[in-house]
Amino acid sequence: MDVKIGKPINIAIDDLTRVEGHGNIKIRIENGKLAECVWEVVETPRFFEVMFKGLSIEMVPLLAARICGICSISHALASARAIERALEIEVPGPAQKARLLAKHAETLQSHALHLFFLVAPDFLNAHSVIPIMETHPHVVETATRIRGFANMASDLFGGRTTHPMVIKVGGLTQIPRKRQLKALAKDLDATIPYLSDAFDLFKTFTMPDFIRETEFVSLKGKREYPFIGGDLVSSDGVVKKEDDYLAMTNEYFVDFSNSKFSRLSRESFSVGALARFNNNYELLHPKAKEAAAELNLKPGVHNPFFHNLAQLVECVHVMYESKEMITALIDSDITQHETPYRIKRGEGVGAVEAPRGILYHHYRINEAGKIERSDCVIPTGQNHANIYYDLHKLVEKLIADGKEEEISRLAQMLVRAYDPCISCSVH
Amino acid sequence: MKYLGITLERPKIGVFGFTGCEGCQLQIANKEETLKNLFNSIEVVNFREISSDGCDDYDVAFVEGSITTESEVTRLQKIRNQAKILVAIGACACLGGVNNLKSRFPLSDVVKEVYGMHPVDTGPVRRLQDVVSVDIDLPGCPISKSEFEWLVRNLVLGIKPQFPQYPVCVECKQQLNSCVFDMGMMCLGPVTRGGCNAICPRNRFGCWGCRGHSEEANFESLMRILRERGFEDEHISERINFFNAFNGIL
Amino acid sequence: MLFKTITKENFRNMIEGIMENNEVIGPKSRDRDTKGAKIYRFLKLNSFDELEMDYTRSYSSPKNYFLPFKEDLATYDLRDTGWEQEIRYTIHPRIIVGMRACDINALLKLDQVMLKSQYPNPYYSARRRNTVIIGLDHEPLEDCFCRSMNTDTAFHGFDLFMTDIGEKYFVAINSDTGYMILNRFDSCEVGEEDQLLYKEVRGRIESKFKTQVDITIVPELMDLEFESDVWKRWGDKCLSCGSCAMVCPTCYCYGIEEDIDLNFDKATKRRFLYSCNLLDFATVAGGHNFRPEAHIRLKYRYYHQFRGFVEAFNQSLCVGCNRCGKACLAGISPKAVIDDLIGTEKR
Amino acid sequence: MSKPPDFNRQTILMQSERGFKSEIIAAIPLTAKEKLFHIRICDPCERENFTFLPGQFIMIELPGCGEIPISISSSTSNKEFLALCIRNVGKVTGMLHRLKAGAIVGIRGPFGTHFPMEKMTGYNVLLMAGGLGIAPLRAPIYWANNHRSDYKDIIILYGAKEPEQILFGYQFEEWRTIYNLNILTIVQKADKRWPGRKGIITDLFGDIHIEPDNTFAIVCGPPVMFKFVCAHLSTLGLPRQRMFVSLERRMHCGMGKCCRCNVGSTFTCLDGPVFDYWTVMNLKEAI
């Protein structure tokens, strides 16, 4: 092998594009060796934990939603769940279903946005989706259809596509009427065929070849592929209760990031679609398993670029599962949509699988129904460390392979594969 | 594009985010059905959230988020100097938004609470207009895509957009909603700028004032009404200050 | 006028029969207020069971089925320097069930403006002609003052008008369409007993009016008390939110807006119902506002209802349903304002 | 009160909702803010049938932009085109100012009442305008010229803010000499180059002789002007019913439906914009 003592390479990507929020990649290679490689989170913090302080519990889901413009439904759900657990109340069955449907709508919305608008341009040699509208109109049409359904569903179950107001402590402000559900089911039926177009597209993309052994953390499903609440599990065998999330996240500070880092059994761990897929593959909808097979995706994947494919498989899962749930709702009595509650002192944790991974909200309520303390642990926050170590390994590998010219592009793609939601992580 | 014989220019636009949730930027990319037409009538030259193409030659800047650090001030001033028209989008940019809730506590306590001894750069929450001059406020949390498109159409035609001066109630009644007051809930609709089609009351949820106050809103009367209906001041104040839309009323 | 009776069972068949091929609008409820009472609105019915014949008062009047809150007046295809305009007034036939006498009288008042004036409104006219109205009597609520406004009974302006006489409805027929509809389903001639029952019900209804508003000298008072501080007092409460006009069965002020699509090749001219209580109702070029203050706008609404319309048509525009009074959070109701103006309310 | 010309039902629908496609054939800048538009109804037949009386207005529409009321300021006998003098104040007027000859706009009308020129036969006519108020006066001026022998003395008093804002100044000489009218102008503010009078319009009363028993007055301008001018005229002994003013209100339909122009119990678009001053005095909040 030629030993190249090349020029020093300095890669500084300020404000990485096509991700949510502000983050920088800095890579310095000197004498053919990696001298510096950081994933800098420069987003300005908003201090949500302070903002919650002293607020009435009824405002919490509303404020929590504003943590993130993409996964606002997850934040609303996690916070509502935390409060409900603190008050020790159960949400009525139909409302639980409707909440999960809202969750699914968001997953679909978010995954499709990421896959088609943020990721696909990398594989189609474009800067953004705008030229793709001309060059690959069917890609955009597929995205439009899938997201169109997702938007309709979140309008229906959340009140609007971003920052839902329907999700409230105790349940929902209202539940869609059967006529609306039927219309939604019809739209879903018309949308499902577009999935195969999406698959045809992604089958033509080759994910970069890169593996780093990783610990994956997610909710642990019992009978269903998990999205809202339950035990926590890691692929290294750690299992914990929802309330014990701090033992799962172990946040710490690093000096180049405004977001905290996390670790569990190893230096870092990963959450998100791939983690859910790896940890709960058996519980996927049969159609989703078929889809995974089509992509040659099996549980135990340790290539972070495969996050993208796991997202696609989850799209299949949520669409088929939504279909079944909508049908079930139409066939059942759905008048009950909220549980009345009495304010009391308490403390609760809510864990929810946001599109980008497991999300925790934790509140302590005083007897007047005001928030005393709050804590939110964001999926991207948990991923930062993993991104950081992945980047190191990726750059080292590319140097070893003599592919320095690829570093910038692949480094960006790697970060993007995690679909980071940076402003959310620096909430 | 031509309109009655006048050639219409496609304005070059840039979209920028400051301290906020990026939900407003997302709305612009959302509802793809009209995206193609949207990009036919404007030229997006800088939109980090969806595009890697970035240049600084824009006429119209859409700016999301509030301003909380000095480096943001400098960045915003640069944008202001470049843009012919600067549009503040969303409650954070127009009003300070929910970010302002942190201002209830001293800044040093705020940092200590979340970051301990870890140093972070932060400052008081400012609206865009506290820092630079703003030409248009596009309200909402988040903004609505249809209103954004309406604004774009106005910009392309070269018309100064006229936002509703009336409160949310007008549109709420037009949706045939039951007034949430009748159902025992609080609502800021009577003093909040309309234009959102009363989306919250439509979902059986009182308005929280995300669009800022309506022109010449009658706060005294509303306060009387709220108190008469048994809402406590503490509760009212929480609601009124949520989006920082009604400074100084309670 | 012709009268018949129809059993409740047959009435159901009738509505279901109509529903098969037509859009049927009727009172429906979804929400309940804090006291547990239902809140009704006029909406499209998908089945007979959704129709609530014992409804009290709809929150908003069915006016919007004749004067929609928003309505496209014309569309344009724009090209180069010019355009082609398209106007359509075609409207599908529609049946409204359960309209009250006051609401029917409200339509008659709107007819004066929209049909019988110098420039008839073709959009309204199309809707009015293609709507079959089936009215329904009810016992007055606490605050109904239609009696005072002389609108508690309807003698025309509907196709069928029904009064619940127990097992059956007593039906007044006022149009050929109404006659044909009724004839297609089993109806009976009016028997002696029916007539007695009808008289009894009418009598009961009439005896139950509690609220009275004396409007005999109100038109004059509107001028005489134009500068009165009564207006200021009520105006200070007014939220200028336009709710009163939106729910009112007769308020018809509107505005026009034009819009263009993102491709700049199609345009629409749209009418939207407005309210004279809204701040910018009377602003003109140069920013001058003829009615800049809430109390002046509030006064104007009353002025138009109780004075201007009287001058033009010899009747008040108000029909006494008190929807605006109910909808107004600040508690401004015609009864209270007029009493105050006359001086009967304790100051 | 005079009614606008009668149409049969068909034309009412046509005119009230559909309007006429019309071409801008000229857009002539008058001052920094005002332009004079010559607009020709496209269809020759419709053009031929379009008649109006002095003081009436039309609704002019730019599809997709908006529709606004504008007084007609051309001669009733001009069958070629309508002249509209429009000040750029906002959305529609601003867009109009950008349009070039050849653009097609829509017009509906004519609407409203007119100055009762027929009643003035045998009288002196005093026309008074402030600023843009001269726009609706051009039609009566042309009318008076066309029927010059019907009227005795015709005097125009015109007040503007500054000399640069005087509208139609280029026509004054023609009006004076050929039309045989007396026209006096006054401006509020001017530098030395202005040879004429400085002051407000009522100052001009000293320069003319008014025979109260023998005169009709027409007053157009901002509402404050009505008050002063009409009060002054009545102290001179002119009956209020012989003074005519044109009111401005917000209008969306021109047909007495939108209520935006409602003053008291009267619709400015149907019963106005031209009112005699006695009526105006009896209208609540008219001025």
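A, B, C and D label the chains in the order they appear, each numbered from 1.
Methods note: contacts are C-beta pairs under 8 Å (C-beta built on N, C-alpha and C of every residue); 3 or more make two chains touch, one makes a residue touch a chain.
Keep in mind that what you see is a predicted model, and the values were worked out from it rather than measured.
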| item | value |
| --- | --- |
| Farthest-lying chain, centroid of Cα atoms versus that of chain A | D |
| Centroid spacing, where centroids are CA-atom means, of chain A and chain B in whole angstrom | 25 |
| Chain centre separation (chain A, chain C; CA means) in Å | 50 |
| Between chain D and chain A, distance of the C-alpha-averaged centres to the nearest whole Å | 66 |
| Euclidean distance of C-alpha centroids - chain C vs chain D, Å | 39 |
| Per-residue multi-chain contacts in chain D, two or more chains | 62, 64-65, 90, 102-104 |
| Two or more partner chains touched - positions in chain B | 3-5, 157, 204 |
| All chain pairs that touch each other | A-B, B-C, B-D, C-D |
| Partner chain C, residues of chain B touching it in the complex | 1-5, 8, 34, 37-38, 40-41, 149-150, 152-153, 156-157, 165-167, 169-170, 173-174, 176, 178-179, 181-184, 189-191, 204, 214-218, 220-222, 224-225 |
| For the chain D and chain C complex, residues of the former touching the latter | 3-4, 9, 12-13, 16-19, 21, 61-67, 87, 89-90, 93, 102-104, 106, 248-250, 252-253, 255-260, 262-266, 270, 284-285 |
| Chain B-touching residues of chain D, taken from the complex the two chains share | 62, 64-65, 90-91, 94-95, 98-100, 102-105 |
| Chain A - residues contacting chain B, complex | 15, 17-22, 44-47, 49-51, 53-56, 59, 62-63, 66-70, 72, 113, 117-118, 121, 127-130, 133, 140, 143-144, 147-148, 151, 159-163, 165-166, 168, 173-174, 253, 255, 258, 423-424 |
| Contact set on chain B toward chain A in their complex | 17-27, 29-33, 35-36, 39, 44, 47-54, 68-69, 72, 97-99, 101-102, 104-105, 109-111, 113-116, 118, 120-122, 141-142, 199-200, 202-205, 208, 235, 238, 242 |
